[in-house]
Amino acid sequence: MSPKEEEPFEPLDILGALPEIVENRGRTIVIKYGGNAMVDERISLNVTRDIVFLKLTGMNPVVVHGGGPAISEHMKRVGIDPVFVDGQRRTDEGTFEIVEMVLCGKVNNALVKLINQEGVKAMGLSGKDVGLIEARKYRRKVKRNGRMEEIDLGQVGEVVRVDTEVIELLSRNDIIPVIAPIAVGEDNTDYNINADVLAGEVAAAVSADRLIYLTNVDGILRDGDDAGSLIPLIDAKEAKGLVGNVVTGGMIPKVESSLSALEQGVASAHIINGTTPHTLLKLLLTAEGAGTAIVADPNARKEGHEA
Amino acid sequence: MSPKEEEPFEPLDILGALPEIVENRGRTIVIKYGGNAMVDERISLNVTRDIVFLKLTGMNPVVVHGGGPAISEHMKRVGIDPVFVDGQRRTDEGTFEIVEMVLCGKVNNALVKLINQEGVKAMGLSGKDVGLIEARKYRRKVKRNGRMEEIDLGQVGEVVRVDTEVIELLSRNDIIPVIAPIAVGEDNTDYNINADVLAGEVAAAVSADRLIYLTNVDGILRDGDDAGSLIPLIDAKEAKGLVGNVVTGGMIPKVESSLSALEQGVASAHIINGTTPHTLLKLLLTAEGAGTAIVADPNARKEGHEA
Amino acid sequence: MSPKEEEPFEPLDILGALPEIVENRGRTIVIKYGGNAMVDERISLNVTRDIVFLKLTGMNPVVVHGGGPAISEHMKRVGIDPVFVDGQRRTDEGTFEIVEMVLCGKVNNALVKLINQEGVKAMGLSGKDVGLIEARKYRRKVKRNGRMEEIDLGQVGEVVRVDTEVIELLSRNDIIPVIAPIAVGEDNTDYNINADVLAGEVAAAVSADRLIYLTNVDGILRDGDDAGSLIPLIDAKEAKGLVGNVVTGGMIPKVESSLSALEQGVASAHIINGTTPHTLLKLLLTAEGAGTAIVADPNARKEGHEA
Amino acid sequence: MSPKEEEPFEPLDILGALPEIVENRGRTIVIKYGGNAMVDERISLNVTRDIVFLKLTGMNPVVVHGGGPAISEHMKRVGIDPVFVDGQRRTDEGTFEIVEMVLCGKVNNALVKLINQEGVKAMGLSGKDVGLIEARKYRRKVKRNGRMEEIDLGQVGEVVRVDTEVIELLSRNDIIPVIAPIAVGEDNTDYNINADVLAGEVAAAVSADRLIYLTNVDGILRDGDDAGSLIPLIDAKEAKGLVGNVVTGGMIPKVESSLSALEQGVASAHIINGTTPHTLLKLLLTAEGAGTAIVADPNARKEGHEA
Amino acid sequence: MSPKEEEPFEPLDILGALPEIVENRGRTIVIKYGGNAMVDERISLNVTRDIVFLKLTGMNPVVVHGGGPAISEHMKRVGIDPVFVDGQRRTDEGTFEIVEMVLCGKVNNALVKLINQEGVKAMGLSGKDVGLIEARKYRRKVKRNGRMEEIDLGQVGEVVRVDTEVIELLSRNDIIPVIAPIAVGEDNTDYNINADVLAGEVAAAVSADRLIYLTNVDGILRDGDDAGSLIPLIDAKEAKGLVGNVVTGGMIPKVESSLSALEQGVASAHIINGTTPHTLLKLLLTAEGAGTAIVADPNARKEGHEA
Amino acid sequence: MSPKEEEPFEPLDILGALPEIVENRGRTIVIKYGGNAMVDERISLNVTRDIVFLKLTGMNPVVVHGGGPAISEHMKRVGIDPVFVDGQRRTDEGTFEIVEMVLCGKVNNALVKLINQEGVKAMGLSGKDVGLIEARKYRRKVKRNGRMEEIDLGQVGEVVRVDTEVIELLSRNDIIPVIAPIAVGEDNTDYNINADVLAGEVAAAVSADRLIYLTNVDGILRDGDDAGSLIPLIDAKEAKGLVGNVVTGGMIPKVESSLSALEQGVASAHIINGTTPHTLLKLLLTAEGAGTAIVADPNARKEGHEA
């Protein structure tokens, strides 16, 4: 039985979306896909098909993925206990080895295979390929006992430079790049990069039209307990103001990376629910939109739910 | 201290090799690199530099690698015992997971990083990327109790088709493809492929000029105990005759894949010692040659040691 | 009120059609559109959107149109009585002037404008543009009083040669060619060409994958009064046998041109109902198919309604 | 008997014109051809050959045509009386239908056919093709009873935007674009455009080197009754001063469009006699020049008759 | 005073030649220019302009030149006596030095400069450039005292191979190649090549449409004393029969090279009078033709004077 | 016996130079080669091989040569006495004829042949080819009897413009341009150009990365008698100060042209000893460097001998 039979939902009016398809042709969109949204096979299939449809109608999707749960699981198999500091994985040498193997040799390959199965070519990349991503040690400072102190997270890195040449080469040749968040420093140290942050940096580097985070929530809620409090559209200034109160936990790097990407010219950033079928298509191909849109200037682009 | 200082050897007369460089420009060579030759860092560096030099002077090297020792080591870490049947790894689902993670997330990445460090771009690929390699279940038959019986090796595959388009795209764009021996079947089963065999199939598919196996022996010896019995040049027919007696163990897939590649139009196959510094350059850039050359027709190409 | 609201029909499952979209990418399809199917604005809009969707997902539609009713109407305005001989318009000089003005200056322009409005570029062409279609006088012979006699139809022509260069230039540049059935002879005489016949000749010349006739009937019916007697799939040999009995009137040039196109390498020809919404998409993007498919060899392509 | 025999005139010294040919290679010239100059077949043939010669020696001619007399004639056939307001055709819906049919389906086709007969490819276009010309309603105001009043001319439009992409595509592919003055508004209304005005707008849009009006007079005469009073060269400022006195009637849109094109960077505009054999070649390939040249800065380009 | 003023001749009807220009576009013609036709400055200018006109209208002229008189003159200046054996220059080392300097450093440069002055780019080449022409020693045998004996002509060579790549590169980039008859052997010996022979070999190598010899006679005369006995058109077989009787002296290598070129696929060879103004244009652009045309099959191409 | 056997020198560690090769790929370097460095065959061979190696590893060498000694020698053969004024050859018409023949027909050809023999294509050019170099009369003024006086050097020219298009065309097509210092004036006068000066102008025109003078001294010596006083690195300002005292004779045009090239954006200029084997490679591929480097800003590029 095919997933479609199981999961009846209102089919999209694709022919009503011709103007949107035409408008989006040739545009690059960076899609961060990961976390819990990746666990369920049916969800993965739905997301994959959306991405393939976007490629087939002329957009250039670039996928960045994470893989936290799979990493932690494999670490336990080899007897290493995951340690997190404020949501970031402390990455010593032994941990990095596992991180890299799981991201590049398991999660990335699986995603690439899924896309290929739908008939569109995908290529897995990490920051090591063609020197795609240069990083440096991420120096996290926290206040302790009244003064700033650096916490050593090991091989956790921050992005210095993304070499977009190969991304464009692949896109031009109808191949979807799928990027694992691994990078190398100038001193040849390997680094583990936060995938949310990497997605923002890639979007800025390739001059993407949109940066889209596929999460397992509907977007930013003014009141975390009230699904009806979803913020459909917000400008950068206001979004910045929400960080720390409305925007918390794993939402913080998404919003901060969105703001950084907007500053570097990306037209809009979006936080949408990847577990709802075809949210990607709803966002890109309908007037209705989906999730929370963050824009630099709300007059320039009106998206998200209609008010 | 740089490796060069430690390891003085007679420098190559590169300017004397201009005619060889000119003659080889634009040619594709497939280099199988793996096994023990990969373990030593100094050796890896030497091999990498040779490959980079070949690329910089206009050849198109394509690298295929194995990774047996690293796989077995990691399997032990997660508590799986490697099982080999006549030199081939029995690959059940749990084993395949480790095989893929180690090959794609560790060995491949390491090799790619080494090449990038020398200033030439390399891109890691597995057969999953862009559907590069299609495989099917390898059905090994052995005689038991007087009749042929199939041994189930699990997800061990044989190559059905290599899609050369992306290999050529990368080569044309000055990127060295580095290929891990993982493939997918038409029914979406994942397969583990013998890297020696894959190298031969890739060489045939890309119409390589040469197929080169970097091993840790000097070539084919008529008498395994006598280094002086190296066979510098041999034709396909004679090579076939040696399989089973002079050619044994891990040398068998190399010689058989060489013969298959020669039949499909590769001009020559070579078994050389990757642990000796710059054997690759000696083979390609000097009249002297290196290791054992296997050719379809000995009159068409005279290589290997001068008689 | 948008047409969609008025005309509720089961929306197509486009994402279920990804394999069909992938398979059809890059293929050329020649669509004959005309007659009564062109009169209704809503139908025109639906057909246009289907064509635009096919272009947006990577196919190369080439449109050939007729315009009989509009021609006759304008002839009456200027006081010329249309004369038909066995369904073909007798075309004297005065008639030709009207034929050309209506086809090129009215019908063609209208169709081009409709496509452009959907956001995809279309270019109107006649056989006069860049010498696209060379024709010669069509010499029709009928039996009269026991012997063959030629009926002079005036400037009615038959196709000698289609110059595909400009069609391919436009397709490559994302412009849909829309062709009016006017042509020029080697002696510079202007000719009026039967649009059904022209569609077949264009399909053969551009090595189209499919030739599709949009008509106002569901396909070929074994029994003209019984909609349930639709023939979903038929091979060339059998189709030839039906001409004159089951296939009559305006269906004859469609079937004969289909047979001629199949002989010249077109994979399949289709007669479908252009007045039913989205029959084009159903034909091309669903397993179900639509109308009557004529194929050279029924084993090579199975299409039409599922048995 | 060929036209050349009938019409002996001093043959051009083409080889003496090599420097002019070299200098003009690759330049775009927009030629407005129409009105009475189009009626005579011999004249048409001469003009066509000149245009073909220019193309064959490397220039990029772009032709814009009118068709007033043929339109009026056909309107009378269908019983509509042409109405002109200050030289502009009042264009109601019924009139527009005739205008479009005659321009696109008769005059344009005829011109395209003539060029093709000389061995160079031409393609007929209207503003509807690929959305070539966007227009808006032309709002003409006249003073009546002491105050400005708008006269409704119906579907008479003014140019908003010319999409030069397809013009350049055709030129690059050795096809001469022949443009009929029909356009579409953003609201999908069809418009009839003054061909003189359109020629100027096209020249500006494609950054033409020259804009040339082929008329049936020798140029601008200071004294309309004295052929000897031809103004060979005039600057923009002085030309503006002549409008209304020396420049009257149909010459006004030509001069005003010339001035507008000059302001937008066209190097020179020319009003020459299309009924004199080979005036186009005389203008472009001889030091002598032809007709009246209007230039922004008389020091930058010295053309027209030698003083 | 310009040459045109001095030399009134019936101007060519270039516009009457449009069909010929169209037909010849993109064709390659090899023009041998040399001997006495090069001495007179006015003649050189006329020939140059013809070549430039051909290039400007889309043909690809390739020029091969000789330089006998200038070589002999310079040899005398340095005190070497020219020695000819049956019309071929005995070329010892001292002679070759002069031959090369005069051909490459004087005659070639002069011709290149003349073409450049007319506004079209020309590039001088010898067989040494990019290894354009490979030669070997020409071994001439004559009968002496009843037996064949080889006469040593020194560094006189015959063509082994013409590398057409650079000729095509230049032609494609609108640069006329001008080739001096110097070549190099596989053993690096320099050779002097007969320019008539080289022209034929170049024509064959570049698949020229025509090979044209510009001489100082009107063509092949049946009776050398009777200008009226010019042979306008002759087939290869008949031409071969004339060698030795009607065809003598310097005409022999021209005719023999023509026959060789025709065998290798050149459509026609022509011997015309370069001292008559614009014979090249008359040959290529008029029905009348010029000189003697040699064709493989007289039915395939009818040229030369009309019968 | 090959030159290598005769001339043992410390072989270069080419593999240690991979970073330099990578860094230099795609860069253009202009090499002035001439004077005494050209006389010795062994030296020429060494220099040629270095240039070929640079091309094979991805650099774009452009060679400019002189030829003074060969010119003077040939002038004497034809009985003309060379006259020099402050190191510049007085060039009357008779002298120019010899200059051109020797440079283009002897020296240039010889250099081109040498490079071709090593398997890389070279093309000889003079400023006459495709109008490569435009010059004007060089007006030298000297102080005599207390006032400035112009000395007439005849056809000695200075560079007005270098047309880089053909140089880039050749480089892109893997052909090394070899340029003889001959040029033409706007008035068609031929000019003899100082090769040192031309090299500087060519370097500036093609935006070369480096300008390299191959001479027969080691570089600029602070004390002409003390080889140990070599200046390895100097900035433009300081170099200017040395002209007239430390920099004298033939070194003056090299240094002055270097300064001019640096001002026009060339990154560094070098004066090295072409008679020492492989100085070119030492300069470009080792940290050690060679000769004297002149840079605009010593902080921007550190080259020459290590301090």
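Labels A, B, C, D, E and F are assigned to the chains in the order they are written; within every chain, residues are numbered from 1.
In this text, a contact is a pair of C-beta atoms (placed from the backbone, for glycine too) under 8 Å apart; a residue touches a chain by one contact, two chains touch by 3 or more.
This one's a predicted model, so the numbers in the text were calculated from it and none came from an experiment.
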> Steps needed, at minimum, to get from chain A to chain E via touching chains?
Replying inline: 3
> Of all chains present, which has the mean Cα position farthest from that of chain F?
Replying inline: C
>> Based only on mean CA positions, could you tell me how far chain A sits from chain C in angstrom?
In response: 47
> What whole-number Å value describes the gap between the mean CA coordinates of chain C and chain F?
Replying inline: 69
> Using mean CA coordinates as chain centres, what's the chain A-chain F distance in Å?
Replying inline: 55
>> Can you list every residue of chain B that touches 2 or more other chains, as numbers and ranges?
In response: none
>> Testing understanding: with touching defined as stated, what is the shape of the graph linking the protein chains, line, ring, star, complete or other?
In response: ring
> Which chains make up the ring, in order, starting at chain D and heading to chain E first?
Replying inline: D, E, F, B, A, C
> Which residues, counting only chain D, touch chain C once they are in their complex?
Replying inline: 74, 77-78, 97, 100-106, 108-109, 112-113, 116-117, 121-126, 128-131, 166, 169, 173, 175, 182, 184, 188, 190
> How about chain B: which of its residues touch chain F in the complex?
Replying inline: 2, 4, 11-16, 18-19, 21-23, 25, 49-50, 52-53, 56-58, 118-120, 278
